[in-house]
Every structure is written in C-alpha cells, then in structure tokens.
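In what comes next, subunit A is part of two complexes: it sits with subunit B in the first one and with subunit C in the second one.
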Partner chain A sequence: MAVGATAINILGFVFLSHAVYSAYEHSLLPSASQPTPPSRLLPSFLDPRVNLPLDITLETLFSVLLLCVGVVLSSPELKPIQWNVWAGRLERSKEARATKEVGVGGGNPFAGVEERPGFLDIRGQRKEFARWVREGER
Partner chain B sequence: MLDERELATRPIVQDSVQHNARTVSNIRALTASLFGVAAGTLGLESIPGFIFYALGTAVVSVLIFAFKAESEPKAYFYRPMADLWAGDMFGGLMSFVLTWTLFYNLAKA
Partner chain C sequence: MANPLLEAPSKSSPETAIDLSQQASTFITSQSSWLSAIPYPLSLFINTESQEKWQTYENLFLACLRTGDDNTAYACLESLTDRFGKGNDRVVALQGLYKEATAKNESELAEVLREYEEMLKSDPTIFSIRKRRAAVLRSMGKTSDAVTALTNLLDQSPTDAEAWSELGDLYLTQGSYDQAIFSFEEVLLIMPYSWNMQARLGEVLYLASGRTEGGDQMKILSESMRRFCRSLELCDDYLRGHYGLKLVTTRLLEVLSTSKKPQQSSSDPVRGDLAPPSVDAVKKLNELATSKLAEIVRRSNSGEKGWDGYSAAEIIAARELLDRDTQKIER
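Here is the complex of A and B:
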C-alpha cells in the first residue's frame, strides 16, 4: 500500500507541476488577458471565470484529486477508539507479546490486570479498616 | 448522564482518539494547501474560490471515510459528525488562502 501511495503522490505532483507551468505559460500569451464570456447558467457572483484552456483546467483538477488520494493513503492508519476493540487487537498482536529485552515485554500485555493474588484475607482487611475508622473518630 | 453511563460501560481509548485527530488534521492541512495551489492556478476569485475549498474538503472527508475509516466512522471517531465531516473544516482555511494568493499571483500577474 505504501509503495502505491508514494507512486500516486509522485504522479500527482508531476501532473500538478505540469499544469501550473502550463497555466503560467498560457498567461504569457497576449490573448490570455481577454475577459472570458460570462456564464449563462450561473449568476455572476458564482461564475468562476476560468481563463484557461479546458485541458489545463482538467489536468489541475485531476492532479489535485490524485494528490488527495495519495495523501490520504500514505497517512498512518487510524486506531479504533473503543476499548474492547483496541485491547483485543493489542492482545492478538505479535509485537505486544514479543520479548524486547530481558524483563521487558513478552507474554500477556494484560499481565498486570490478570495476575492478582490468589488469596485475600477479606475479614482481616475489614477489621483493619474498622480499626482505622475508629481511630480516626477519636 | 446517559453519556457518562455509556462511557462507563463502553470506555474509549484516549490515546487512539488523539492519534486519529492528529492524523485527520495533518491530512487536512496538507490537502488545504493543495487546494490553494489549484484555486490559484485556475484563477478563481472571491466566492468561487471558497466554494472550491468547501467542495475539496468534502471530497477529502469522503476519502478519509472510504480509505481510512473503512466506512465505519463510529469505530474511529467519538463524534463522527464533528470529528470527521465538519471538524477542522476551517483549520486549513488559512493555508488555503496563503497558497491561493501565492499561486494566483504566480500564474496570473
């Protein structure tokens, strides 16, 4: 995809340069300064009054469209914003599980969430909390 | 209230939201100056030039929708209407006017 996008960009850039240079050369002709006849379809304030031959106009528009497609294709991929989609993709990806250094990466990216202590003394914790509350009241 | 509940049940990833917004605004900035080049070369003036810009940004929105968002803007933008279709519509306007006037002068004067 990246090679195709670069090729489209280069092609569009060549076409655009050619179109702009053609428009410049056309503006040097003595006949170029004559005003264009007003459009019959559009009202005067919407009339674009393009004073160029049709092929240069079409080449400009075509090259800009080509460059737009190239720019959109060559930009980085969007990332999903929903947590479950994003996390699922991360969990399935090879990079997140690959070991990068000693102790870095490798295994489950959600190890911190999934690996919890197997036994918690809930009653002990409650007693501790109750004692703390009682001491705070005093 | 409903929004908050929705966020609690289906949380969104802030990193991805920022990444997507940055990508879209980069595309918009680049294409806006390209539209300026085209508008100046064609010699558009006043209102037709701004209409050209509006049409161009609409085309870019459709391209992002088709190629980048895989026709599913809900998966990539929190508010598709604001972030994809209308967002940054005027962010590229300044660079558009800049290249528009530059190329108008180069090709016409």
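Here is the complex of A and C:
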C-alpha cells in the first residue's frame, strides 16, 4: 500500500509541475495578452480573466486529485479512539505498551494501583531474588 | 524505540531486574562525562537534564537494591539526592527504602521505623513516608498496626487509590473479605475505568463467595460476574477477565442448578440489588469466555503478530483451565 501511495504522490507531483510550467509558458505567448471574453458561468468578480487552454485546467485538477488521494493513502495507521480497543491492544501486544519516554507508552495506566510502588516491600523482594538465584545455581 | 531502562521494575521478573542492574554501571559512567564538569556560566548552554535521566536513575536504584548490589544503588541514590535535595518527598522515601533494604536485623529495622516516626512527628504531611511506614509495619508482620496506619492515612487523604488498594490487599491476607471488598470498591470509585481493578474486585468477590451459602452466595457470585463483565467491557481480549468470567460462570451454573427456586424476592432495585442472572445468560457468557480463552491461547501460542503481550504463565494457566473442561466432557 505504501509503495502505491508513494507512486500516486509522485505522479501527482509530476503532473502538477507540468501543468504549472505549461501555464507559465502559455502566458508568455503573444496571444495570451489579448483581452478575454467575459465568462458566461461565473459572476464578474470571480472571473479570473485568463484564457488558459482547457487541457491545462484539466491537468491541474487531475494532479491535485491524485495528490489528495495519495496523501490520504500514505497517512499512518489511525490510532484507536475507543477505550476498549485501546486497552485491548495494550494487553495483547508488547509493542503497544513499550515505554518510549516518560509519560509515553508504558501499558496499563492503572497498573500502579495494583502494584503499589509506594508500598514496595523491598525486603521481601530481596529475599525472593536471593531464593531465585540459589535455585538457579542448583 | 522502547527503552527498558524506563520500565518500572517493581513487579518485573528477576531476569529483567538482573539485566537492569547490570546496565547500571555503564549508565552511571555514561552520565558522568566531561560535560557535567563545565563551570557555571558555560554550563547553562548545555542541557544534561531530562525526565528520562532521573526516571532511569530511580529504576536502576530499585533494581540494584533488589538484586543486592547495594553500592551501585547508593551511587544512584547520591545522584538523586544531589539533584533534588534532601528534603524532597520522593528522595526521602528512597533513602528510607535504602535503609530498610540494608538493615541487617530486626532491631535495625525497628530503628528505621523509629526514624520514620520522628520525621512524621515534625511534619505529618509527608505521605511517601507514611506509606513507607505502613509498608515496613506490614513486612515486620505487625498487620494490625499497618491497618491502623493505613486507615489514619485514608482518613486524611480519602482519594488515594494506591492506599485503598494496599488496605484491601492487607484485609485480604487477613481473610476479612467484607472489608477488602469495601476497599476495592473505594478504589473503583476513584478510578472507575481501571479494568485490572474491576477484575481484582471480581476475584475477591469470587473468593468471598466460598464462605457463604444459598441466596447470599448467588448474590455475591452474580456481582463477581458483573465485575468481570465490566472489566471485559473496558478492555477487549483481557485474559484475566475472561479467565475469571469462565470460573465464576461455571460456579454460578452449579449454584443455579442446585437452588430450588429462583429467589426473585431478594432483588430490590431501589437498594441497588439486581435480580440474579438467568441461566441462559450465564451459559452464554460461559461459552463466550471459553471461546475467547481458546482464541487467545491459540493466537498467542502461534506467535501471531500483535499477540505477544500475554505473560507465558497466564497462557499456561488458561490452557489448563480449558483442558480441565474438555476432560470433564470426555468423562
């Protein structure tokens, strides 16, 4: 998917550049400076008063469309906004609960209520660790 | 990029604790580079501070203390004290922790306790020290003193979920289920979305149901079932919740099948009592929990992507529960 989205983006960019360059080149033509007939569709204050050929207009619109689609497709995966989906991912996958920096990641935010770091029984933990080491040596 | 130095080492396995403590000396030497020796006005241009740095110091301190590497732990403690000062609540608690861990006998531990009490006499608002005092009392086996210390603490700070949880755990070790349930309900009042505490209350209720009989037992079991359901509502694929739900619905089905008639009269919606669940609903929940457990065990064992986060021991326990079930059917 990522390769396709990048290809669409590149294609859109090439078309857009081509359209812009064509418009610039067209404006240098002697015929471009002639007065334009007033538009029949647009009101006068919206009329751009340029006589750009139809193919350049179409190419611009097409390239912008391609870029829109490409940007949407190449966007990163959406993050869950439902509580249960988000929490389920934290339980399920190690990657989702990895701590990246202080306050970012780290899994269940309520784990501390059950682990109770403020009431840490360090003597018990030391004894448990010593027992684990002794069992490992045996 | 995940950083193992930032994971709190409190409940981690001994393997990770020893890994962490082995990284300690390299981390400390990497911090004391020539950059920190630059004199005052120039040092303003260099930032050696970050939250991560001090969190790492604290984690290394705890891991080293656990593995018995007291010298490295003391070095970490010194850096923390230099940075945050002797009067900082957290540093004071860490210093107490160091003294507790290195106390050689009961009398030295009693000395630490006496120091805590001295400190609290001069300033009774240091909650970290009050918590340490309760923890020391508990580890010395003076459970009733620990309960008194905790109830005093909670009288003054009734929204401290950690202290409520500790009190509930303490009551649970004493076998006072009613008080334990009350404490865990207080935790849930403060943190209603904590799915692990919902499951914890469900487990305590399930334990408490073993002591009662008849209508009361049914009421407690259905309450426990509702707690597990709530924890699953808050968290998809919660192994602990599904495990508890399966246990409690199995038990509830036995109770419902032996009881003569459904006790509809005992339900009173005004007082918050709900009617006992129907047999069909319980059966459906039991089937749901069984199928979910089987799915979790299968996907976790096959090493599917994004399913590697369950603890191995929990998966084995779930598998045993499922195996027990199939054996019963075969017989």
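Worth a mention:
Keep in mind that, in the parts below, the second predicted complex is superposed on the first by the 85 of 138 C-alpha atoms of A that agree within 3 Å, B and C clash if a C-alpha of one lies under 4 Å from a C-alpha of the other, contacts with A are read in each partner's own complex, and residues count from 1 in each chain.
Convention: contacts are C-beta pairs under 8 Å (C-beta built on N, C-alpha and C of every residue); 3 or more make two chains touch, one makes a residue touch a chain.
Computed from a predicted model, the values in this text were never measured in an experiment.
Of the two partner chains, neither subunit B nor subunit C is touched by A:R134. When both complexes are overlaid on chain A, the residue A:G118 reaches subunit C alone and has no touch with subunit B.
In the superposed model, A:V69 makes contact with subunit B only, not with subunit C.
In the superposed pair of complexes, A:E91 makes contact with subunit C only, with no contact to subunit B. By the touch criterion defined above, A:L61 reaches subunit B but does not reach subunit C. In the superposed model, A:W83 makes contact with both subunit B and subunit C. Taken together, the two structures place residues 83-85 of subunit A in contact with subunit B in one case and with subunit C in the other.
The residues of subunit B lying in touch with subunit A in their complex are 10-13, 15-17, 19-20, 23, 26-27, 30-31, 34-35, 37-38, 41-48, 51-52, 56, 59-60, 63-64, 67-69, 75-78, 103, 106-108. Those residues of subunit A that touch subunit B in the shared complex are 16, 19-20, 23-24, 27, 45-52, 57, 60-61, 64-65, 67-69, 71-73, 75-86. Within the complex, the subunit C residues that touch subunit A are 1-3, 6-8, 10-11, 14, 17, 51-52, 55, 62, 65-68, 93, 97, 100-101, 103, 109, 128, 131-132, 134-135, 138-139, 161-163, 165-166, 169, 187, 191, 193-197, 200, 233-239, 306-310. Those residues of subunit A lying in contact with subunit C across their complex are 83-85, 87-103, 105-106, 108, 110-126, 128-130, 132-133.
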